[in-house]
Amino acid sequence: MAMDKQQTQEFIAKRVARELQHGELVNLGIGLPTLVANYVPEDRNVTFQSENGMVGVGPAPDESNHDAHISNAGGMPVTILTGGAFFDSATSFGLIRGGHVATTVLGALQVAQNGDIANYMIPGKMVPGMGGAMDLTSGAKRVIVAMEHTVKGNPKLLKECTLPLTAVKAVKLIVTEMGVIEVNEKGFELIEINPEYTVEEVQAATDAPLHISPNLIDMVV
Amino acid sequence: MAMDKQQTQEFIAKRVARELQHGELVNLGIGLPTLVANYVPEDRNVTFQSENGMVGVGPAPDESNHDAHISNAGGMPVTILTGGAFFDSATSFGLIRGGHVATTVLGALQVAQNGDIANYMIPGKMVPGMGGAMDLTSGAKRVIVAMEHTVKGNPKLLKECTLPLTAVKAVKLIVTEMGVIEVNEKGFELIEINPEYTVEEVQAATDAPLHISPNLIDMVV
Amino acid sequence: MNKRITIEEAVSKIKDGDTIMVGGFLAVGTPESLIDALVAKGVKDLTLICNDTGFVDRGVGKMVVNKQFKKIIASHIGTNRETGRQMVEGETEVVLVPQGSLVEKIRAGGNGIGGFLVKTGLGTEIQKGKEVINVDGVDYLLKKPLRADVAILFANKADENGNLWYHGTTRNFNTVMATAADWVVVEAEEIVPVGAISPNEVVVPGVFVDNIVQGVK
Amino acid sequence: MNKRITIEEAVSKIKDGDTIMVGGFLAVGTPESLIDALVAKGVKDLTLICNDTGFVDRGVGKMVVNKQFKKIIASHIGTNRETGRQMVEGETEVVLVPQGSLVEKIRAGGNGIGGFLVKTGLGTEIQKGKEVINVDGVDYLLKKPLRADVAILFANKADENGNLWYHGTTRNFNTVMATAADWVVVEAEEIVPVGAISPNEVVVPGVFVDNIVQGVK
């Protein structure tokens, strides 16, 4: 792999962007998932929500255009697109829990083969709090995890999560730099593979049985 | 009594108006209670809510000023005073149930000596529905009943209600053309009497023991 | 995304047997043009969720007179004598719900709340068949969420993206019903281009709204 | 009724041991002037209810650094390392609540809802100590209401009657907290005469607000 960290993240974000459907309302987590907004196919009108209180999230403003009262859920300055709207946190989580958010894209520390996800704390080490992640993973119609396949060489796709869970049986799709994995009744099913890797390499980096789709194709970003 | 029906209602409304405190948010039921707004003492700033979605209810508009989109909970055209606000029914009942409405003034079919109130249906005869009455009687901090003392000569202040209840132990004060009755741990306590009546006459028109306040005074409107 | 359709297209999506929410409070803030079109179409066996049943000649009451409902869930039916007649004669099932609970049940249905606890109705006939849940020594009734197949709503102004703006007391049940139906269509007094309603002034974000129609003046 | 008071009068009403709600989301829409005055006053042993604990030098985080809280209820503390340090070293009790449940618990506290059911947190550590209630075959967690003695909030604009108007993403927890405290004070960027905010554009009706103060630019 010639990809550095930034290239890897962009590669994953590009592939996730192709999952977003025309007309959908989408919530992107902070970090890697935020990059997805940059790669939405031009023929698709996707609306982004930020759970601190807006739909129609646009790109970061120029310095000259910066409005301290418009920010995203990561606290970073953003703009609002024409046709967007501001609202309070109660309405925002009504959107999320009420199934109005079609897709949420989140990072994860661990994902289990039954769809369990852990992404909000490492006991004794990192306890930032779950923020909106528990509501998003239990409320959005489709939960996509966008993350690097391993952390320091250790698998993040597991038989069972060992960290405190964010949600049970929530994840439907995982996109990593190695491939695209569907979480279904079989467990993890590899449906697309990055041609830079072999199936054996992906399995070796995954700590749960990897079912190989009969229709496995090369990952296209 | 020289008072006709309209005079009786105005008399009751005037007495109720003196109960409203400076700065209070008040909800008036339809019919007689609506008249209370006309008699608020001038030194008191009282805000009226209409549960269909406004605070700052003002008087009915002139014909020329009529806005079909501004009405009260009885569906009648009203105006909004400067400083008022419009909102939806969820917010409106949040105000009511959340204890933000200090006083509600309602009519009643029956009131029991423990404060039970029945005011929304007569089975087999009149079933209009409770509208907002159940929320108002269980949510407002103080429930005042404004009504004529009897109906067709029959008492409406009873030992126990016989009609389906609107709320249990809700009523704190009853104002009729005969007097002002507090509902407390003793039951009905007559605290003011219309000098046109004797205590015996008020008791005769009341189907539950009437405790006479040691500080009984003449009703002043 | 231009969400504008015709009134004909809108009513074509509403089928016999549907559960339908209708915005409005005593025919203020009611989608009268959509109601008129539904009366003309004659779709029937509907379940209605509405604050009240309006009047015989105004609001959703016109559909009551046209006998289009098999069941009515409302807080008040006293202004439409035909609703009372149909209830008494067993033609239509009527379920009365306290107004504050009704709007909150709809909010729950649209906002992913599986149920909620209120004191409203404790010790009254409303309590029948409902679970009493004690929280820290206080009794409450458990109220369940309500959803519908379709919501037909009113707004004073809508942009082509479905963002809604209201004037006066027209919001009532409209804003909450927008969250709680599988398909939401809004009749606007005025349709404006996207951008004409400031994001600070939007009352209901367009993401809740599937389609808009222009009301007939 | 002119609800305007000075910042000094406002902070004089906040006492050691109070439970205090603070509006804002990562220090956007936070009443910074009131926070600065509370830091100066040094009121302590407070219980904080806030979405997050801001930053060490911005938002409610300044009060964390000043060790004014004995307990913190929030959805996120990751942007303020001092909160984490106080938690780990046992100086401050921290209760983490999922963001959507936190705002809904506050809404329940202010709107007469005795509790509500959500799926959020089912099967996670959040479930510990909470009642699981099954409604029509589906499990939910019962969440209880939250209220406070005091709420200190932000608005972009307030009229002298307490009506509030917001711009951008500053609403966040402010609008809901306005309903849920015994005493509510709002720091406005701009105070305008009554009537300057149209009744159609009011975001939080003044009936929820006890006092307003002018923020320091």
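When the chains are written out, they are named A, B, C and D in that same order, and each has its own residue count from 1.
What we mean here is this: a residue touches a chain if its C-beta (ideal position, glycine included) is under 8 Å from a C-beta of that chain, and two chains touch if they have at least 3 such contacts.
If you're wondering where the values come from, they're calculated on a predicted model, not measured in any experiment.
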| item | value |
| --- | --- |
| Assembly fragments, chain C aside and the remaining chains unmoved | one piece |
| Greatest separation from chain D - chain, by CA centre | B |
| Distance between chain centroids, defined by C-alpha means - chain A, chain B (Å) | 56 |
| Chain B-chain D separation of Cα centroids, rounded to whole Å | 35 |
| Chain C and chain D, separation of their C-alpha mean positions in angstrom | 32 |
| Chain C residues counted as touching two or more neighbouring chains | 104, 107, 112-113, 118-119, 166-168, 200 |
| Chain B residues counted as touching two or more neighbouring chains | 54, 80, 86-87, 93, 96-97, 139 |
| Every chain pair in contact, whichever chains are involved | A-C, A-D, B-C, B-D, C-D |
| In the complex with chain A, residue positions of chain D that touch it | 25-29, 51-52, 74-79, 84, 87, 96, 98-101, 103-104, 107, 118-126, 156, 166-176 |
| In the complex with chain D, residue positions of chain B that touch it | 23, 25, 45, 47, 49, 54-56, 80, 82-87, 91, 93-100, 139 |
| Contact footprint of chain C on chain B as seen in their complex | 50-54, 67-75, 80, 86-90, 92-93, 96-97, 126-135, 138-139, 164-168 |
| Chain C - residues contacting chain D, complex | 104, 108, 112-119, 133, 135-136, 138, 140, 142, 144, 165-168, 200-201 |
| Residues of chain C that touch chain A when the two form their complex | 1, 107, 110-113, 159, 161, 163, 179-180, 194-195, 199-200, 202, 205-208 |
